[in-house]
Structures are given as C-alpha cells and as structure tokens.
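Consider the two complexes below, in which chain A is the common component and chain B and chain C are the respective partners.
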Partner chain A sequence: MATLAHKAKSLVIEQPIWLFVAACIVVFSLSTEHFLDIGNFKNILVQTSTIGLIALGLTFIMINGNIDLSVGAVLALAACLAVDLQSSIGIPLAVTVGLLSGVVLGALNGLVVWKTGVDAFIVTLGAMIGVRGLVFVYTEEQSFYATDFAYADFGTSSIAGIPTLALLFVVLAALMHWILSRSVHGRNTYAVGGNRQAAIDAGIRVGPHMVINFMIGGFFAALAGVTLSTQMGAATPNLGRDFELWAITAIVLGGTKLTGGAGSIVGTLGGVIAIGILRNGMNLLQVPSFYVLVIMGTILIAVLFIDRQVNRNAEQELNV
Partner chain B sequence: MSDTISEIKSGGEASLAKKYSQLLARQGILVAFVLFLVVFSIFSDRFLSTDNFMTVIRQASIIGTIAIGVTIVVIGGNLDLSVGSLLSFCTVLVVDLHDKIGPTGAIGLMLVFALLIGAINGYLIGYLKLNSLIVTLGMLSAIQGITLIYTGGQNVDIQNQEGTWFAFFGRGYLWGIAVPVLIFLGLALIAEFVLKATTYGRKVFSVGGNPAAAVFSGLRRNRMVFSTYLLSAFTTACAAIILGSRVMGSQNNVGQGYELLVLAGVILGGTSLLGGSGSITRTIIGVLILSFIQNGLLLLGYPYYAQWLVTWAVIILAVWLDIASTRGKIFTSFS
Partner chain C sequence: MNNLDSIENYGVHEAGTAPILSLEGITKTFPPSVVALDGVSFGVHSGEVHALLGENGAGKSTLMKVLAGIHKADAGEIYLEGRPIKMENPMDAKHQGILLIHQELSLVPEMTVAENIFLGYLPRKWPNRVDWKKLYGDADAILKRLKCNFSAKDKVSKLSIAKKHMVEIARALVFTPKIVVFDEPTASLTDTEKFVLFDVIHDLKAQGVAIVYISHRMDEIFTLSDRITVLRDGGYRGTVETKETDEDEITRLMIGRSLDTSRNIDTAQFGDKVLEVKNLSCGSLFQDISFSIRKGEVVGMYGLVGAGRTEIAETLFGLRTPTGGEVLLDGKRLDITNTTDAVRNGLALVPENRKEQGLVLGMSCRDNITMAVLQHVSSAGVLSRAQESNIYDKYAEELAIKSPSGAQKVGNLSGGNQQKVVIGKWLATHPKVLILDEPTRGIDVGSKSEIHKLIRQLAKSGYAVLVISSEMPEVLGVSDRILAMYNGRINGEFLDSEVTEDDLVRAISFEQKGQL
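Here is the complex of A and B:
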C-alpha cells in the first residue's frame, strides 16, 4: 500500500500532465452527464489517435534534439497517395506507397540535417512549405474519394468492442515506449539530444540515429494520414494543416524539452489525451469551438510558465 | 579576430583565395538573386519590364512589411510565429471598424489592439523569459480564436468602397509609385537606419548575440526583447492596413500561414535564427527572391504551388551555403 502511494507520488512529480488529465476527468464528469461513459472514452481515443500517432514519432525527433515541422504536410501527402492510388493498384499497395512517402521524406529531412548541418527547424520549415506545394501540385487542388468501401469501413471498424484505430494507437504507443526506454537506439536518442558533442566524443554514431528518428517521424505522420483518410473515406490537399502545432503542443505538455535529451512516450500520451479530453469535454459543455482555440493557446503558455516555475524552484533548492 | 588568426596561420595567397570564396559564399544570396533574374528574363519576355518589377515588389509588400518587424525579433534572439494570426486579426478589425467608427478611428483602435498583443508576447518572452517558439505558437492559436469570436465566423467588408480615403493605402499611387511599395520601402529604410545607426539597434544585436554578456554589460534584456515584439506587432498592423485597404474586406483566416512565408524570407536573407546577426536589406532581398520566384514560375506557366517546391530547395541551399562558408567544409564532419 505504501509502495503504491509512493509510486503514485513519483508519477505525479515526473508526469504532472497525468494529474492534469485526472483533474479534467473529474471536472468534466461532474459537469456533464455523458462524459463518464465507455463509449465517449472510445471516442476520445479515436479522435486523438491522429495527433497521437504524429506525436509518437515526433517525440523521438524532439528528444533527439531536433524538430520536424513538416509532419502535417507529410500526413496530407500520404493520405492523398493512399486514397488516389487505390483505384489503380489496390488498397494494400496504395497504403504502402503512402507510408513509404513518409519514410522517404523523413530520411531526406534527416540526411539534410545530418550532412549540411543546417538547423532542423529551418530544414523542416522548408520541407513543410515544399511538401505542401507537392501535395497541391499532385492533387491539382482537388479532393480524392475512396471508391472501395472496405477502406472507409476499416476506419470505423472495431476489434472486440474496441475501435481498431484506438487499438492501433495504444499498441504502437506501447511499442514506441519500449523502443525508447529499452533499446540501444532509444538510449542513444537521449544521449544525442542531451549533449551532442559528448555523444560524438563517446563514439555514438549521431547522424544515423538522427536519420532513423526522422524516418520514424515521417512514418508515423504518414500512418496518421492513412488512418485519418480511412475515417473520412477521402483525402483533401489541405489535410493536416496546423497538426504539427497540435502535436508539438501535446509533446511539450507531456514534458519533453525543446532542447532535447528529456521526455517520454508516457508523457506524450498524457499530453495527447489531455488535449483530447479538453476538446471533448468542452464540446460536451457546448463551448463554441472558437473559444476552444483561445483556451488551448492559453493552456499551452500557462503550462510552460508553471513548468518554468517548478523547475526554477528545484534549481534554487539545489543551490541552497 | 578569428579571420586574422587564420590569415597568420595559412599565410598570404591561400587566405586571399579563401577570403574571396568566402565573400562569394557570403553574398551567395545576391548571386542567386541575379541568376534568377537573368534566367527568368531569358525564358520569359514579359519578365524583364518595369511594370512587372513594380507588380512583384507590390505583391511582396505585405509579407515584406511583416518581415521587417520579424527580422528585428529574430536578431534579438527570438521567434514570432503569431504574426500570421495577428495579420488576420488586425485586417478583420480595421475593415470591420471602418464602417462603424470611420477610417481614422478604425486605424487608431486597431493599432492599439495590435500593440497590446505585441506587449503580451513581449511580456511573456521578455520579462517572464518563456520560450518564444511555444509562446508565439500558443498566441497563434489564441489570436485565431479571438478573431473568430469577434467575427462570429463571418467575413467582413467595407460597404462604400469608392468614397473612402482608406483606399489610399492599398490602391493609391504617389509620385507614380504604388503606396504599398512606399510604405514597405519607407518602413524598411527607417528600420535599417535604426538597427545600423542608433544605440537601440546596437543593443538589439548585442542582446540577441550574447544575452548573458549583454545583461552583464548593463543592458536590460527584458526591456529590449519586449520592444522588439512591439515593433513586429506594429509592422504587422501596417501590413494589415495595406491588405484591408487593397481588398476592402477580409476573410477571418486571411493571414494563415503567413508566418512561415515571412520566416522563409527572413531566413533566406541570411538572418541567423540564433540571433545577433542579420539585416533588413538582406531580409528584403530574401522576400523579393521569393516573390520573383512566384512571379517567374507563373509567367513560365507552372502551377501556382510549384513556387513552394522551389522555395523548399532555395531556403535549404541558401542556409547551407552560408554555413558551409563559415565552416570551410561542405559537409559536417561528425558521423
């Protein structure tokens, strides 16, 4: 019993976002009657899976000390490829091509960051504009619709009563958590992000790790594009606009440092779910969607402020 | 200092050649600019004309005007991603208030609100020392929401478009030159003077270049950073006046994505995102290059969005060239 309380305490200190999630659940359960419902929680998981999948890959990139602003554009490209090509080469191949496009663009971003030494922010800012241009040129500014109903059926299907997309997200989150916390690549990802020069001196191959992480990020962005298009049965060239902002917000809420070297999938999961619950809860409370934008922006800044205060206090205590 | 050391080490001629190539690389953006002009002139006979050039500069004036303020913020060592939302907000506000309280009141009130938002940014980043990327990201979302709340999701427009002097800012001509161009270049001239020839400008550079050293030298970093955000809000408000006056109406998301195009122009101009270096002139060249690429590709018959693909390559190549010249090697050395 004592260890359980101790565990809970350390979780709150290390992952304060989960405290926030718990608080949100309590508040929304008391203020709306439909919030505390199994069906609603399945709903939240499906709704958050898109941003969540992007955030899983992006967490690796950010812990690695880089950033990827192009994930929203990559999502759109993968979705358009997967929907447009399925009438000519079939669903499995079309989805594969869509996912590959994400991996290839991730590899390109990673190689450029590694070899040129240009900051990832600039490289992926360029890619964000360029890939979005590619999407518009490819689609000729048209939307695509999935002609095969099997595609859209997948997006709404369930396995053992749990929505397939929610299940996919949770399983992949567990897998990525394992890779980040248990594998050599995961440990080196932290090392490179924490102190790149020290990692180089320690003989870690910094470049390949960065490229792999950008490929992971690209893959997950593309996967999010595919799953989103199965939910809609369609893909539009404007898909995924501002998604990179939401993903970064979720990751920062989850405690990953922008400078790299710190963060976790558990935290990111908390950030993603916090945003999902907030949106869902405010929706149930019938808060107009315009106000939600203001509230989300304010929360992001407030969390940054609180985080700074808490960390500063810790530093001061250390000095004393 | 480091230049002299390397000169002594490597001796006369070699260092001269190195210096020459470094100079070429440093001015690579100008070389690229001239190359673009030449290539487009060869392939399109309509490209090389005064009329077309004026059109391009005029199209660049909105992004260019915002880029002036953002350049100052970036030199001060921070980022401002909220300018796109702020442009939407200011344009909607000035257009909507125009019919309610007249052009003078509309412009005045809009400027007050723009500076207020700039002050919030500046307070959070300058005085509370929060990360500028996340703060302005949050503000991007918040200002977008405020704009939508204000308009109720509707678009706004000015009823009597012929009988108002407000049209002057976006559609007027003075001495045969379009007014947006005059506003853009006028503000640029003032900003360049302030940055290069006043103590204020010098302080912005030192605060961005080495914050700790600046603070130990008695500069008030928080106050300087605060002021840079006021300036970027001000230039964004000026851009909103041009935009609102030209369109005589506004969609509530008109500025969406502008922050990226502005930042692309600033980066292309060679202003370091780390702060402490950069110039308004180079930013203007950066913005004009993007505008000329757009114009040239359209004249050559490419689809509108092809320019974004070229922008992608140009941004990375420009920054790479700059880094490679200071590094002295094309590729990084770590594996």
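Here is the complex of A and C:
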C-alpha cells in the first residue's frame, strides 16, 4: 500500500495535469448529459489534434530552452501550399511541399538562433510576423478550396471507428515520447536545456542539435496545417492565428519549464487534452465563448500556482 | 606614518575599551551536512585593521555574510558597541553601520557608476524626482576620494573588472560606516589600484572605522593589519598580534600542522609525455605557457584567481582559440576548435564551477554520468537503459558515490558526491588527460581528502592529471610537480619534494626576478 500511495504521490508531483484532467471529466460528466458519450470523446481528440501536433514539436524546442512563436504562421503557409498546389501537382506532392516548407523554415529559425546568438523568442517573433506576411503574399488574401474530394474525405475518415486524425495524433505522440525518453537525441534535448554549458563541455554539438529541434517543430506545425486543412477542405491566410499561444499554454500546463530542461510528452498530452475538455465541456454547458477564454486564462495561472506549491513542498521534504 | 599612529592608538584600545563589534559562538550549518561555522568568536576594535585568514572553505566569507545579515546564524550573538543586535537582512546591517564589500560584484551593469553607488539611496527632490545634479556631484566626490580616473556618468558595463571593484568600494563610502569588511579586495586589482585601496583603508582607519580584511596574500596582511585571526574548517583557531608573529606561525594555524610535503616521489615511475604544451598564448589572458605532463603524473597549477589558470584549461579543452603556440598529445599536434574534438581526442575537464558548468542538476546521477558517452550506450541513436546502468554502477562503485540510486536527481547530492559524479562522467570517456579545475571548491573537509586520495589513485592507474587550485595544501598534497602562475605566465616550476611554502607564495605573488 505504501508503494501505491508513493506512486500516486509522485504522479501528482510530476504530472499534476492528469489529476486536473480527471477532475474535469468528473465535473463535466456530472453536470452535462452528453459529455461521457464515446462520440464526444472522439470529437475532443479530433478538435485537439491540431494544437496537439504543434505542441508535440514545440515541446522539444521548449525543453531545449528555446521557443518557437512562428508555428501558427508556418501552419498557415503549409496549409495554403498543400491545398493550392494539389490541383497542379497532385495531393501527395502538394502535401510534401507543405511539410517541407515547415522543415525549411524551422531550419532557418534554428540556424539564425545558433549563428547569431539572438534569443529564440526574438528570432521566432520576427519569423511569426514575416512568415504570416509571406502567406498573404502567396495567397493574395484569397482562400483556397480543395478541388479533390479525397483530400477533405481524409480529414473526416475513421480507422476501426477511431477518427484518422485522432489516431495520427496519438501514434505520433507515442513516437515523440519514445524519442524523448529513449534516444540519444532526446537525452541531449534535456541536457542542453538543463545546462547548456555542461552540454557543451560534454562534447555535445549544441548548435546543430538545436537546429534539428527547430526542424522537428517546423515539421509538426506544417503537419498540423495539413491536417487542419483536410478537416475544412480549405485553407485561409488567417489560419492558425494565436495557435502558438494555445500550444505554449498546453505545454506549460503539462509541466514543461519555459527555462528548459524539464518537461515531457505525457505532460504535454495532458495539457492538450485538458484544454480540449475544458472547451468542449463548457461548450456543452453553453457557457458564452468569451467567458470560456476568461475561465481558461484563470485556470492556466491557477494550475501553475498549484504546481509550484506542490513542487516546493517536495523540495523541502528532500532537505529534511 | 598614519599607520604607526594608529597602531599606538590601537594599543590604548586594547588596554581599556571593549571591542566595537564582537561575534560570539556563531554557528551556521548548510543542509544537508555542511558545517560552515562552528562556534566562532571574533572581535574588532575601532581604528583597527583586523585580518581574517583561512584557507578556502574555512568559513571566512560565511562568517562575514552572517555579520552583514545575508545569512542567518543558527546560534550565537552579535554585539555592536556592547549591545546585542539582531540582523534580519542586509539592510539592517547597513543601518547599523556594518558594510561588506563583496568578493563577487553586485553591480547593475546597465546603470551609470553614480546610480550604482547610490542604488537604493538615490537623492531626491520634490516631488519625488531624482536629484541628478546632487547624485553625480556626490558620486564624483567619492570617486575623487578613491582617486578613480573614471566619471560617475560612465556606464558600469563599460568598466574593467578592477574599476568595477572600485565602484563596489565607493558604495561603502556613501554611509558613515563603523565597520567595513573587505573580502579579498585585491584579487583583481593592479598594483597601482592596490596602493590606492591601501590609502583608502588607512584613511578609514584614521577616522576610527574598524576594518576586517580578508585575504590570502601574506605580504598584504603583514603590511596592513594590526591583528590576525585564523579560521580553519569552520572553527576559530586563534588571534595574534601582527607585530609579534611571523608567516610560519600563521601557516601553522591555518593548516593545523607543520607541512609535511616529503612524499617520496620516484620520477622513474612516470611514463612517456602525454600532454605537451609549447609556448601557448591567448591574447592578454596568458602568454608563453610551456609545460608537459607524463603518464601517471599529477601536475599542480597554483596561482591566484585571475592569474590565467582556468583560461589555460579552457584553451586546452577547445573552449577558447589560442593566439599562439601548440599543444601535443602523445607527440602528435592537436588542433582542437571545439569541445567535441577535445572529448574525442581524450581530454577531460572537470570545471571550476560544477553547478554552472559540470552538471545538469535536474537530471539523474545516471544520466549525468553517461552524458558524454551516449554514443557508446546506444545503437542507431536508441539508448540502452541496461548499458547506461552498467556504466553508472561501475563508476558509483569505483568512486564510492553515495546516492540512494542512479535515478536520484544529482542536485540532491552533497557537494563531494556531486563532484564525484562529474569526475565519473569524464572517466567514462576513457580520457588520457584529466584536467581538474578547483576540484574541491565548496566541498566539506571530509570529502575533500577523499577527492584528493581519488586524484592520486587516478594518476597511479595511468591518467595524466592537471590539478588547478588556489589552495596551497591541496596543491602540495596531490601534485608531483607544481607550476606557479602569476599574471598570465608560469612564474616557477617546482618538484613537490623540494618546494617550500615560501617559494610558492613568492612565485604567485611577485614577478620572479630570474624570469625578467
């Protein structure tokens, strides 16, 4: 029993967000009729997959001690490229071009951060504005519609009763979790974010390492753009505005530190799902959407405050 | 002349009045197990320069931080002019007239000199505006008193380290201090600046201010001080009149034994030259450094902070690019431009500051130890937990790392065990040359001797070891050969069996006549 209690306690300390998710499920299932339906949960997973995909890549960048604010704009560019080009070069190539655009922009962000030494916040803030500009240049403020129905069908399809997009998100989350916790690259991600000087001293090539993480981040932002456009069967130049903020919110809720060195994909998944459940549940309760934003903002601060309290106690325990 | 007058005055104090400040039975423990101060008592008179001596880690700085209200003592009393005082924070101490001039700089770099000097006490005029005219006027007056050749309007970030120290000292003169504590004030000053500082100290003394002077440099202490108090391992070891003592007595008090350095060294036991450094230079940091280390040999590099020791280590390790000279490893010229190359070539650096450079505190012991060898415990980029644990278990046993498990966060270990983790990380890379920069800084006495023993063992098992240290007993205790650094140059080379303490102090404090 003692070990069970111990395990429960360490779960609360390390992943408090899942406790919060559980609490939300209990509250919403008691207060609304349809929340517990299987269909509703599928719905939540599909709705959160866009922010979720962005958050998977961004988690790596943030554990690395960097940040990428340009993911929303990259998402829009990839979506527009994938939808617009498919009439001329076909869906597979168009999607590839869209995904590549994300990887290339990520590499560019990473190279600038590495070579100039300017803070990632500033570099990607510039990229966020600049890339959004590129999107408008490319689209001439027009929206694109998918001409091939197969594209939009993919967004609403299911495999064995589970929505394809939800499945894709869950599988990629598992893959990213594995990379972060089991691979050399993942370990170095923690080391570089935890103490950059120590990582350099240990012979880790910190610059190229960070570039790779920015490329991963760019890829996932682009992928989110593609999946979002399959859901809508269209792409607009304003797609993905504020998405970087929602992704960061989810990641931070999941326990990743803005200063780097700590965090996990399991936590990020919890953060993403927490936001999805809150939105969905309050929707079912018919809370007006502006109040939803007020409540979400409050919850972000409250959860982090509780997290801090819990972890502070833990630190004191170790000192005794 | 000033000096002599004061000494006579001081004699009067000694006969009649009580000390202006006395600390009694001060005890301070840092969890989990470091006893920094153990019942230390200490008194200063007005108009006296009282030197506080001790090795690094003896508790001098901690004692002064207790005095200045930065640390709270676990037990003991502080009396000012006979009354017990309670200090909750640094502000209390300042208001009582106790001023500490820090070893580390605590200036705001983006503000002007004047703003820094008056930080927290900016002169105001109605309605709560800064009185800039008065600010710069007052600041310039203080700078003039210190004979500083820079303006109160200069930005602090533009000043040299020495000038920044002068600003730090200027801060103390804003108040009418009763007690001023100088913590290693000359560590980064040039000779000229040093004499200006000594003048300031004489002035303060003549005004009846009590001065506590912490330093390692014997010559300074014998010129400046009236009395000397020695701390060792956090305990009080005695107070002596400067006039009635000599360096031998002080050394005995500091080290607790007459130095026995006669370890029998059989030079034949060493193998071939592993590392050879020829005329290595790096701008103004160090020049013309030549030395070699043989297999199985421990070479100590002794010198004061700022003598260029750490910079040499960083250059060997590829963190800095040399401006001249060459480095040979096993007779082959090394061309290292980054740390990846250094590690691959068999160099290892245990850095000076383990928390900032050596360890990722949030990661586990095991993950820290395998950090530099991940390619050996993985295949195709995938880590093997089993192999990682093998490496951890091996070095945890070999180095006697005391940790509940490999999964324990390294930040929760004691300083000595943390240092062992750093050493373990480097042994795992199977280096040829092991460079240890201040290997026992901030480590308690028990673990210290353990680390020293470990260094000897490592050399015996075939590593070429370079130990950089500013602690004489450490250098004498572990090295076979000692290089003394002064001002970016090697100022003397000694065999451990032949060197005297006096030789070493001389070699790190003055330009060697023979070398000029």
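Quick note on the criterion: the second predicted complex is superposed on the first by the 301 of 320 C-alpha atoms of A that agree within 3 Å, B and C clash if a C-alpha of one lies under 4 Å from a C-alpha of the other, contacts with A are read in each partner's own complex, and residues count from 1 in each chain.
Just so we're on the same page, a contact is a pair of C-beta atoms (placed from the backbone, for glycine too) under 8 Å apart; a residue touches a chain by one contact, two chains touch by 3 or more.
Everything numeric in this text was worked out from a predicted model, so none of it was measured.
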{"item": "Which of chain B and chain C A:38 touches, first, second, both or neither", "value": "neither"}
{"item": "First (chain B), second (chain C), both or neither touched by A:4", "value": "neither"}
{"item": "A:183 touches, of chain B and chain C: first, second, both or neither?", "value": "second"}
{"item": "Partner chain in contact with A:300 - chain B first, chain C second, else both or neither", "value": "first"}
{"item": "First (chain B), second (chain C), both or neither touched by A:160", "value": "neither"}
{"item": "Which of chain B and chain C A:202 touches, first, second, both or neither", "value": "second"}
{"item": "Chain B versus chain C as contact partner of A:132, first or second or both or neither", "value": "first"}
{"item": "Which of chain B and chain C A:194 touches, first, second, both or neither", "value": "second"}
{"item": "Greater chain A contact set [chain C / chain B]", "value": "B"}
{"item": "Contact residues of chain A, present in both the chain B and the chain C interface", "value": "200, 205"}
{"item": "Residues of chain A that touch chain B when the two form their complex", "value": "112, 114-119, 121-123, 125-134, 136-137, 140-141, 200, 205-208, 241, 245, 248-249, 252, 258, 288, 290-301, 304-305, 308"}
{"item": "Chain A to chain C touching residues, read off their complex", "value": "182-185, 187-188, 190-191, 194-195, 197-205, 261-262, 318-319"}
{"item": "Of chain B, residues touching chain A in the complex", "value": "124, 128-131, 133-135, 137-146, 148-149, 153, 256-257, 260-261, 263-264, 267, 273, 303-309, 311-313, 315-316, 319-320, 323-324, 327, 331-332, 334-335"}
{"item": "Touch list for chain C against partner chain A, complex", "value": "31-32, 317, 319, 338-340, 342-344, 349, 351, 356-363, 367, 371-372, 374-375, 378, 381-383, 412, 425"}
